[in-house]
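Okay, structure first, notes after.
Every chain is named by a letter (A, B, C and D) in the order it is written, and numbering of its residues begins at 1.
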Amino acid sequence: MSIAILTDVTKCIGCAECVVACKQVHGLDKDLPRVWQKNDGLSACSWTSVIQRPGNHYIRKQCRHCLEPACAASCPVGALHTTKSGAVIYDDQKCLGCRYCMTACPYGIPRYDWDRRVPYVRKCILCFERLERGLQPACTTACPTGATIFGERAELIAEGHRRIKAEPEKYLNRVWGEHEVGGTSVLYVSDIDLDFMAYKPGLDIALPTTTKKAMESVPPAFLGMGATMLGLNWIIKRRQKLQGQSEDKED
Amino acid sequence: MNRVHVTKTILWMLTGLALAVALTRFAFGLGVTTNLTDTTPWGLWIGFDVMAGVALGAGGFVITAIFYILRQEKFHPLVRPAVLTALLGYIAVILSLLVDLGLPWNIWHMMIYWNPHSPLFEVGWCVMLYTTVLLLEFSPVPLAETSRWANIRRVLMKFRFPLVLLGIMLSTLHQSSLGSLFLITPFKSYPLWYTPLLPILFFISAIALGLMMVSFESLCTSWLYRRPAENNLVARLGSAARWVLGFYLLVRLLDLKISGNLALIFSGNWESWLFIAELLIMAIIPIILFSIPRVRHSATGQWIGSFLVVAGTILNRVNVGGLTMVGTTGEYYFPSWMEVSISAGIVAALALVFLFAIEKFQIWETRPREPESDPHVQPAFSRGGQTWLGSPSVAGRTRYSLAFIIAVAIGFALIPAHKIDSSGVVDIVAARALGGDTLFVDGNRDGFGVAFPHAAHIKAGKGKESCVGCHHMNLPLDRQSGCYSCHRGMYLTADAFGHDWHASAAGGNVACVDCHTRGEDRTAATARPCADCHKDLMPEGAAIKVNTYTVPSYADAMHDLCIPCHRQAAATNSDHPDLYRCPTCHNGKSPDWPTLAGRQPWKRRLNNHNILPVVSAGIEGPTP
Amino acid sequence: MKILLEFARGPLFRLTFAVMVLGLARILILDIWGMIEAYRRAGDKNIPWKLTMIRTVEWLFPVKRVMHHRPLYSLTGILFHIGLLTVPLFLFAHVQLWRSGIGFGWFTLPRLWADILTIMTIVMGAGLFFGRLGHSKSRVISRKQDYLWPLLLIIPFVTGFICANLGVAPKFYHLVLLTHILSAELIFVLLPFTKIAHCVLMPLSQIVMTLAWKFPAKVDEDICVTLNKKGAPV
Amino acid sequence: MKLTPLTAEEKNRAFAPTKKPEVIEKQRLAVRYHIEDFPVDDRPRRFLNAFAAILRHSNYRFALDHFVRISAKCSRCATSCQVYLATGDPEDIPCKRSELLLSVYRRHFTLGGSVRGRLFDRGHLTDAMIQKMADSFWNCTACRRCTMECPSGIDHALITHLGRYILSEIGIAPRALVISTREQLEGATGNTSAIPLPALVDTLEFLEEDMKEEKGIDILFPRDVENADWVFFPAVSDFLMEAETLMGVAAVFAATGDSWTIGTGYFDGINYGLFYSDRILERVVKKVDAETRRLKGKNVLIGECGHASRSAKYFLPTHCGGDKALPVVNIMEYTHQAWKEGRLKLKANTIKRRVTYHDPCNIARQRWITEQPRELLKAICVDFVEMTPNRDENICCGGGGGTVSIDEIRPYRTAVGGRAKAEQIRATGAKYVVAPCANCKKQLKELLEDQKIDCEVIGLHDLLYRAIEFDAPPTSAEEPQKEE
């Protein structure tokens, strides 16, 4: 089973209750504008934010919890990993602080404690501890309009398609997160194009596969190089020996 | 040997500067020292130190391969310097990683927590192993200096060939895996650089760079110590490098052709020019230079050729490592001077180790020595000062330690304290009046403060009309906001304005002209004064008028606010002759009032927070 | 003025303070390094540690010897040093600065004591100056800087006293404060490079004195070779 | 200590040349210091080269570094220097004297000097400065008393020592010392007083006869005995001038019965290297070591001589093997030890006249030997008085640092250098001043003579000789001993 969040952009009123709830549940510090923050409201102290688009459209931004997360694939120590339920979570005990995950994320989600002496990577963890206790994530609980809801991924995809089918003139015919980068656990249905949320729209490959091939060829490359070098050495040694012998003969 | 002295002095100064910056970085975090952001989490330290550092260490495996595997005996003079450079290069990589990593003390986690899918994991392991291999490869050289370790040396010499072989195998892996690192960012990297062949391209260019790095180094040290360079060998290396570079060029262009991105080269945007420049510097010009026999054998030609390859490959690594992602992320990053100084300092420190090693050990065939190293040479009194600072070791110690500490001190002086002060705005809980009339004012939260008889002051000021005398500038609707909400730095001027806050609150870029008059430079100087909008911030009769966006430090503000009145009162009121004395207020007592102690949960403070949950400006690519 | 003040207590303070601390550490390390080298070269490594230690302690707390010669001058010097060390270190205002800068502070002097010590230091500093000026022996061996040092050292005390007691010169508060900071910074910078370096080198003096007589085992031949005197008559 | 200032007449006499000045007219002390003549222009360069060579090969650099940084110019040393107290000449303040060399070091051997040199191009070493040093360093008696008063711990005597060393390397050193040393190291007789071996043997035999006559027992001077416990090196001048001291030493050994010997290959304890050149110091010390080892002796025993004791005690380990060097013992230590152990019996109250004790700087300043002679004296004297100050804070006799050997400056030594000492002795009212040091003895004799003090200078063992009781005489003949 795999859980997910579906956000209906048309229902969001931008009240930011989800943001407040998130901060409260995780005991996050207050936010202040900093030079290193991207201008999307996310920060080490805000794991979700609400972005306003022209025409009173509000889009909630948070970690997409990819089914095949690039961040988890890139982390050298596996500090980022996917739970059984599908949440991509972070283990600060393992982290080195290399920030490869931040480079690798196609949505630019992970944030860093730039001003801390002991900095960690920060992002939405889908309230996985609450899930274990049988609760919903704080944000979906707090939403007064039901714009963001929690449930089984398959069911929510179906729900999204149902809503689109029910009011095709209201929605764009697409559930964001269904196929993107191999599928994500945070889904959107929307009346405006949400491609601006990612660095590159329409990227449907699972990112870990890009490095997978390279990583799989590591052992053969290693042994192959060794064999080549040994072989070369043997040949040259032999040739030099023969050359020496022939020179000896000539002498 | 003046050339060596000057060089070493400069290197020591760079090291000192870097030390000061490194201490700052560990004391205050990455945000204060670097220009890295959430969008550009990797900067100069990864792009130059790690990516280029590993590449520059390629000389080690290339030359050992030529000497041991291909059995080209005549390259023997270059083997030791190449291995030493490689070793130092990898140590540089490790050092800069220790600075760059957020939690460097966890670097050993790589050994116990495995994620074999991560290219970085593979690079990390290879770097660790290869550094060890290089150490073992190189250690016979210093061990040869004393007979005490002769046994260990003999064992190491026995395992030389397998070590070299292992070194080459490991290098193959991580030189290419550095390219694999960026396979995962097809959404960010520019197509001219992004290709599934990145690992292979990295490996080939590392070979060419290895050849040229060894040459460059031979030329550098020969200049520094005025010793004859190995020009013949360098010419041979150049000749080999031109074939490798040619192959590299071919693979790269063919790959672009197949992926259909070849046309992008001539698209005329800045990436295309960068690409052309990179290829020219890194491959095309050197290939031409090294193809002309006369140039190949001339010292100048070798200088230029090897330098171009080295510079070009560094440029390539920096491009792949982040420079070409700017188009996608829309965020321009330029390293802060502190990042640069750390990079330079690490290079300088290891250059010093290199110079130390070639003076102390048998690295080059002829060991460069200061003439005065011989104890019986008559001391040379310097020409200008007619001084003699002692034997080379004593003189060096005297001279370089001075250069070093001066550089460290300058480093500390240059640290941007305002960044430290304003980055973590003090965690503020408004102090409440106690017993209804007394405030405990403790600006820097150290438990020491001033017990302020609020009610008494109101009374002395004849009622509520006098509020504005002190509360000269309230946040909207909030008379009780503490002085520290704006006067953040205890002793340094703070920027109270918060440009980003205003910009986003005013509706993003379109609102710039609301404050910055059209047609003028957009600086604080040309902007409208705060009071134009915030009429209530500066009531009539306020003690201090604020006209700029900066506010004095907390201490200054408080002193300026309190001292004049106290002085006046002391002069006119004979009951309190001591009013003007510092200890009257700063009496060092720390009243342990329970309501002031401890942190309160965020929930209760929420109402006082200026949170900005709603962001109007979205991600719309680079600002036009 | 404000900008100057900020510069003086910001970057300039960090620069000069670092120069002082590192500079003193440098000469201390160089000194000890030289001692270790000398000890390793010495032919005779037998050093009367106990006697050396006793003499060091005697001179660090020179109560025993002070009355031997020129008691008034010596007493002036000792009191001056006491004030010089305690007031800047334990003044409440300074400790507050450290608290905000590095996060912790320490014991502070009561206000009355601080005032008394400050005035004492100023008087004693002036006393040292006039003592040097008025005493023929001292005058003969004094260099220019020997006269200037006591004067320079009391500037921060005078200005600091004025700052702490605003009633003395209320109109020039910032100017006086600036003088206070700048003069202290000048002292910081000069400290490691002048005779005031004795503040860290002093405890080593007696060991240096003892060790200096421990010559290397073979000087004769080396010096003969270096000076081309091999085989020359004595 | 307060001294009445020198009168003008006294001053003239003290500095008056006894001989015609030979080389440099400015030279007040009228001693021809130059061993060899070099062009004056070249001297600074050669001085700096010698200085540099010495810094390079010896241990002075760190001490000078320390001293130039720490020197506070507090003028306390002026209160303790007997030379300055007598002359009142500021040039004689120890700190001022040290500054002569320290300023050269500061200017030519430190980073600060380098900067200053480049910026202002002044303060180079000049010939005049060398001349000043040559004068000043030989005015000092190297007694190290000022060191005790220096709060900064500057060893002015060390600086004087080094200054003289450098000067000697460029040929500036007192002729008297150099000639003696030349004889000692390269001459036929191999000792500073140029005593030929037959003459020595004659003297010793004569003394043996003398003692036989006086004490009635055989008291011998064993010569070239191998495997002796003690190999004896007195100041060689004792053989000529202080026979009684030697007799006392021989008597002590006769009483204790320990094996001792005088080496005929080399028997000179004097080491003028301590006064002007570390190189000479090293060579002489090595000669002592070689002779002792030739005789397979177990200990080096130094006679009553301050600088001989110090140069052997402190520099034998330095130059001849560190911890493995032969142990060095002063005869006073030996005698005291034997007396303590009861192997030597002394008759109490032998000496009836008032006695005082002069601490030689070289053995008292480091608190090495201060109590032993006093206890011995108290054991045999009726009336023993102390000088003030005494022990490690004693005042130099005025002939220290080798100046006593320079006969040309006797007026200076007795009028200036020894002035404080003379006052001290006069104040005690003693009739005997015990000075266990060949140099002190010579200086004090001349001093008492010139200052017209009615007092006799005598060695410790001279007195002990009179007080030793032989209970187990080596020969059977026992006669009643003579009373004084």
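Here, a residue touches a chain if its C-beta (ideal position, glycine included) is under 8 Å from a C-beta of that chain, and two chains touch if they have at least 3 such contacts.
Here the structure is a predicted model, which means the values were calculated and not measured.
Once chain A is ignored, the contact network of the remaining chains holds as one piece. When every chain is reduced to the mean of its CA atoms, the largest separation from chain B belongs to D. Rounded to a whole number, the gap between the C-alpha centres of chain A and chain D is 88 angstrom. Measuring from the averaged C-alpha position of chain A to that of chain C gives a distance of 60 Å.
Our note on geometry: chain B versus chain C, Cα centroid distance of 37 Å, whole angstroms. Of all residues in chain C, those touching 2 or more other chains are 30, 222, 226, listed in ascending order.
Shared interface positions of chain A, i.e. residues touching 2 or more other chains, are not present. Residues of chain D in contact with at least two other chains: 49, 53, 56-57, 61. By the definition of touch given earlier, these chain pairs are in contact: A-B, B-C, B-D, C-D. For chain C in complex with chain B, the touching residues are 2, 6, 9-12, 14-19, 22-23, 25-26, 29-30, 33, 92-93, 96-97, 99-100, 105, 108, 111, 164-167, 170, 173, 222, 225-226.
The touching residues of chain A, counted against chain B in their complex, run 14, 16, 19-20, 23-24, 27-43, 46, 49-53, 58-59, 70, 73-79, 94-100, 102-104, 106, 108, 110-120, 196-200, 203, 205, 207-208, 210-215, 218, 221-223, 225-226, 229-230, 232-233, 236-237, 240.
Residues 26-32, 36-39, 41-42, 65, 68-71, 97, 100-104, 106-107, 109-110, 113-122, 124, 165, 168-170, 172-173, 176-177, 180-181, 183-188, 196, 199, 328-329, 331, 423-425, 427, 498-501, 504, 601-603, 605-606, 609-620 of chain B are the ones touching chain A in the complex.
Those residues of chain B that touch chain D in the complex are listed here as 375, 378-379, 381-382, 384-391, 394, 398-399, 402.
By the touch rule above, chain C contacts chain D in their complex via residues 27, 30-31, 34-35, 37-38, 41-46, 48, 51, 55, 59, 62, 65, 68-70, 74, 77, 135-138, 140-143, 146, 193, 195, 197-198, 201-202, 204-206, 208-209, 211-220, 222-224, 226-227, 229, 233-234.
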